[in-house]
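The same chain A turns up in both complexes below, where it pairs with chain B and then with chain C.
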Partner chain A sequence: MIESMANWFLSLTWFPQMELASVKLLSVLLVGAGLFAFIAVNAIVLVYVERKVSAFMQVRLGPMRVGPYGTLQTVADALKLLLKEDIIPTLADSILFRVGPFIILISAIVAFAAIPFSPTVTAADMSIGLYYIVSISSIVVVGIVMSGWASNNKWSLYGAMRSAAQIVSYEIPVGLTLLAVVAMAGSLNMNEIIIAQGGSSNLFHWIPLPLPNWYMFNNPFLFIAFFMYIIGATAEINRTPFDLPESESELVAGFMTEYSGIRWALFFLSEYANFTLVAFLTAVVFMGGWQSPFETIFAAKTSLLVLLALALAWTGYVKTKANRLSIYPLAIIGLSTIAAWLFPGFAIWITEPGLFWIAMKVLSLIFLLMWFRWTFPRLRVDQLMYVSWKVLMPIALFNLIGVATWMWLTGEIQF
Partner chain B sequence: MGRLHTEEMILNMGPQHPSTHGVLRLKLITDGEIVSHVEPVIGYLHRSFEKHAENLEYQMVSPFVDRADYIAAMNNGHAYAIAVEKMLGIELPPRVEYIRVIMAEFQRIASHLIAVGTFGLDVGGITPFIYCMRERELILDLFEMASGARLLYNYIWIGGLAHDLPAGWVEKAYEFLDEFDFHVEEYNRILTTNKIFIERTADVGVLPVEVAINYGVTGPNLRGSGIPFDVRKNQPYSFYDRFEWKVPVGEGAMGSVGDSWDRYMVRIEEMLESAKIIRQALDQLPAEGDVKAAIPKKIRPPKGAEIYSRYENPRGELGFYIRSDGTNIPTRVKMRSPAFSNISALNEISQGWMMSDVITILGSLDIVLGEIDR
Partner chain C sequence: MNYFKNIYIAISTLMTGMKLTLGYFVRPREYVTLQYPDEVWPIPERNIGTGELASYNVIRSKLHVDIDDCIGCKKCERACPVGCISIDVLKGDKGEDLGVTKNGTSIKLVVTKHQIDMSECMFCDLCTHPCPEDCIYMEADYRFERNDNKRKDVTVKERWRDRSTLIYDFAKIAQEDVDARTAKIEEENRLKAEEKEKAMAEKLAAAAAKQTAKADAEQTQNVKADVETTLFKTTEGGES
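Right after this comes the complex of A and B.
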């Protein structure tokens, strides 16, 4: 993307004469600014979404006062945090205290460089994209330990230590599950992993459902790997049920206890950036990234009919069970089905790869993780370690062997 | 290489901490995450209730009693009224007794809802708390209709009630009861049977029967250890002998008898039993009747009269020891607060558990600092 952007700049007639290196540098800066803007806006939107989702789960309304339906609430909160006094505790290690949040934020932003937003838009389409994301995003733990230690507060220290143990432990099963996918795709490049997930499924082709050839549906081992990855990723981004580092009822606010104002907001920003990053990574690695789930127009039309039937069944179930009419899923799927059957243009559009599909996948994953957070209690620290080392690790190793065996059986590799 | 020097750390949990249920300070001696000693430091909410009571007339004490256990104000007022009435030997109209039982049991449900909800919060689940508060609001609405207040009612007076029930109250109470069982089922689905919740609470902080009795632990905490002791059943006061209900005890369904899950479950079951009692009391409630017995304006129990009256508060056995010197001001009012005894067992049962478990155990004991410090 940097290359093409630089070439585009140079092709402009009014653009001043510059060396290619300078133009490239300019492109890099612009792309970085764009990513940062994306992350900042994304965090503001997601905080609002999270508050609304939690409110609806808890029979409340959530923010309603600032702007229509409270849409400007998080903007107002962000402004308030910007204007607050920057407090650094007297006994804190002030350099580390200041640097900590930035390390967390930078590692979260930089990881987005390798995320493909659409077939053509990837900030840096590098050959080791997946490896780069996994390694860069693990720098977060340095920042967390730094700010927890520098706060000079026992609660912060507890939070930081828990966080270090947790993130380091969960990186292993997460890495192993991703390795299974890398073995399947034969590449670490994000776009190539996505391209490998095109076409029709080779396992479930006998099922009348036209399932997409995503890696999560590719074979039973990767199907398990998908759920393991979701569990591990939830732990890596410190969200409930694995939110021990910042567990409110135990550690006050964990490593964030002593922070206030904009520094605290940076933690929030990076938390949501990491959250989105994990959703993007899951979408790319297991759910076909920017690929459309429908291979052909016929597949799109029939799948939408099946989905409509499912939505009808769900609506009926909710109606009989809770005596409540859940109209929105039915309305959305119904309208898209009608549109797909009536307007050929719409049917073609939904079979094309693009930003729309990856955004849909990412948003559903984000909703799933929010759902976890607002329904589950929290694990204890030893149970957390148990899940990682004694449950996820062995299954991940077994899965890796399973995937290799599967590839050998289906003739994808030969010995 | 020399051996790494390690030592235990003293950690002050509170008085400003989200999970200490008020202004309690726990001095934890920790070795990493493991807690080897817990020392509850109390007194941050001391308002010298007992000294105040020695300077006030009998009727003037009862609003102060409400403020001791602010989560179960109705029960405290009831307990104090019963104690003074026993000293004076007053017979109450049946309508008063029925309304008192209804109010006390509604208050028990409201208090247990807070206990269950905040226990969920302590374990990390936020949504169950909101669900519990939703039902508690309905109970508070009922209390507001009857007394005008939502937290500290001063509704149960010596010799009767402050006001009669307003029109439409009984129907609203029935409405609540019809819905309530379904809501308890909701709590069970989201919290009680949740795998993570069971992992966090089952077998954690087992309170053996001997320890419980040695420390004078009462109420749901004692019943969670398997002892079916309930003052309402063992020494019935008011009209409690007229209703059919059972005393739920901990059975160790998820772990061993007396663990945090059992104490939690006893509260869930007690809410259903309370609902049963309220339904029976509402059915038997006389339609007409006085809500105040004829008592003298100045209450002067005979000189030297003393009484210890037992009462089953949502947290355990609430006792009032009152001594009279023949004037209209008591010489001594001593309140035996259940939460004070319950929290004293904390150190014994939380040693060797992790820091998160101490919070779980504290939450399962369901303390109210207003009552501990008085």
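Right after this comes the complex of A and C.
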């Protein structure tokens, strides 16, 4: 993307004829600024979405006062955080205290460089993209321990220690589940992993449904690996079933206890950046990234019909269970089915653009993680370790062997 | 096997929880939150009286006075145990028609002030029973906030201590009218007092004249005696 952007700049007539290296540097800066803007706006939107989702799950309304339906609430909150006093405790380690949040934020932002938003929009299409993301995003723990230690506060220190233990533990099952996918794809390049998941749905699959050819549905072992990856990723980004580092009811705010104002906002920003990063990684690795689930317009039409049938079944279920008719999903899917059938041109958006599809996948994964957060109670420390070492680890190893066996059985590898 | 059972139980219970939250998520219209200043809970119409008091279904939240029916008898003011009602009345003009209450009593007095300090009221409902016109009663409206304490010249602290938003003045009569009536009554009183004074002065003058006449008569009569008394007057005298 950097190369093509630099070449595009040089092809412009009004652009000053500079050396290729400096134009590349300019492109790198522009891409970095774009990524940061994306992450910041994304965090603002996601905080609002999270508050609304949590509100609806708890039969509340959520923010309603600032702007229509409270849409400007997070903008107001961000402004407030920027204007707040920046307090550094007297006995805190001043340098580490200042540096900590930036390390966390940088590790979250830098990892976005290898995320393929679409075949052309990939900041750095590197051959070891997956490895890079996994390794860079584990630097977060350094920043967390740094800020927790520097705060000179027992809650912060406890939070940081828990965070270190948790992230180090969950790196292993997460790495093993990703390794299974890497074994299937035979590549660490994110775009190649996505391309390997292309192709239309296969009716003669291990699941007798017209499902897309994603790794998630590729074989039963990877199906389990998908859910294990979700669990491990939730633990790695410190979200609620595993939010021990900042458990509000035990440790005030964990490693962020002493922070205020803009530094606290940086923690929040990096939390949501990591959240999005994990959703992107899951979408890329297990759900086909920017690939459309429908290969052809015909497949799109038939799949929409299947979706319509599923929506009908769901509506009927809701009707019988709650004596209430939820028409919206039915209406949306039905209308798009009719539109796709009547105007084949309409269905092109279903098959073509990658940005739309990766956005849809990422948003549904984000909703899944929010759903987790507002449903599950927090684990105890020993339960956390139990889940990591005694449940996820053995199953991940078993899965890895299972995937290898599956590949041998289906003839993808030979001995 | 306990190990796999644990995993199964964990997954199934988590699924139960997720089903529940999704159920609430897909029907957000069931929320119970009310956007308070814009919408309020309906006030329940309950009947708290039985038997003879069956009609007594008042939720005691705020005192209200139908000032058009008030005859200014001050019975409620006297009944109030905490003294939160203060009433001022003025006499009506002679022959002035001040209206009739809903019970048919003609009003004789002008109520210039009927102030109830709701910060002192203890909602005992004792003031409502003595009222002969049933014009003071408890309302179910629980909202006391008013938007009229935005004065700039008071500090925040003063505003917090300020109770003026809880003091309700029900009298509708305009200040000019009150002033005019007071002036008129004062004028009347003054005229009356003057008249009285004049009458008193006349009376006094008449009495004094009578006295002097009597005294003159006595004087001429008692000249001899006077002379005698002065002759025999002791040092402690001065009785005349």
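FYI, the second predicted complex is superposed on the first by the 405 of 415 C-alpha atoms of A that agree within 3 Å, B and C clash if a C-alpha of one lies under 4 Å from a C-alpha of the other, contacts with A are read in each partner's own complex, and residues count from 1 in each chain.
Throughout what follows, contacts are C-beta pairs under 8 Å (C-beta built on N, C-alpha and C of every residue); 3 or more make two chains touch, one makes a residue touch a chain.
Predicted, not measured: the structure shown is a model, and the values here were computed from it.
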Touching A:Leu20 in the superposition: chain B (first), chain C (second), both, neither?
-> neither
Which partner does A:Phe56 reach: the first (chain B), the second (chain C), both, or neither?
-> second
Identify the partner contact of A:Leu10: answer first if only chain B is touched, second if only chain C is, both if each is, neither if none is.
-> neither
Determine, under the contact definition given at the top, whether A:Phe376 touches first (chain B), second (chain C), both, or neither.
-> both
Contacts of A:Leu409 with chain B and chain C, given as first, second, both or neither = neither
Tell me which partner A:Val318 touches in the superposition: chain B (first), chain C (second), both or neither.
-> second
Please indicate which partner A:Lys154 is in contact with in the superposed arrangement: first for chain B, second for chain C, both, or neither.
-> first
Max touched-residue count on chain A (chain B vs chain C) belongs to chain B
Those residues of chain A which chain B touches in one complex and chain C touches in the other | 57-60, 374-376
So, in the complex, the side of chain A touching chain C is made of residues 53, 55-61, 64, 318, 322, 324, 326, 371-372, 374-376, 390-391
Complex contacts: residues of chain B adjacent to chain A = 9, 11, 17-19, 33, 120-127, 130-131, 134, 190-191, 194, 196-197, 199-200, 354-357, 359
Given the complex, residues on chain A that touch chain B span 54, 57-60, 154, 158, 240-241, 243-244, 247-250, 252, 374-383
Tell me, which parts of chain C touch chain A in their complex?
-> 3, 7, 14, 17-18, 20-28, 30-33, 35
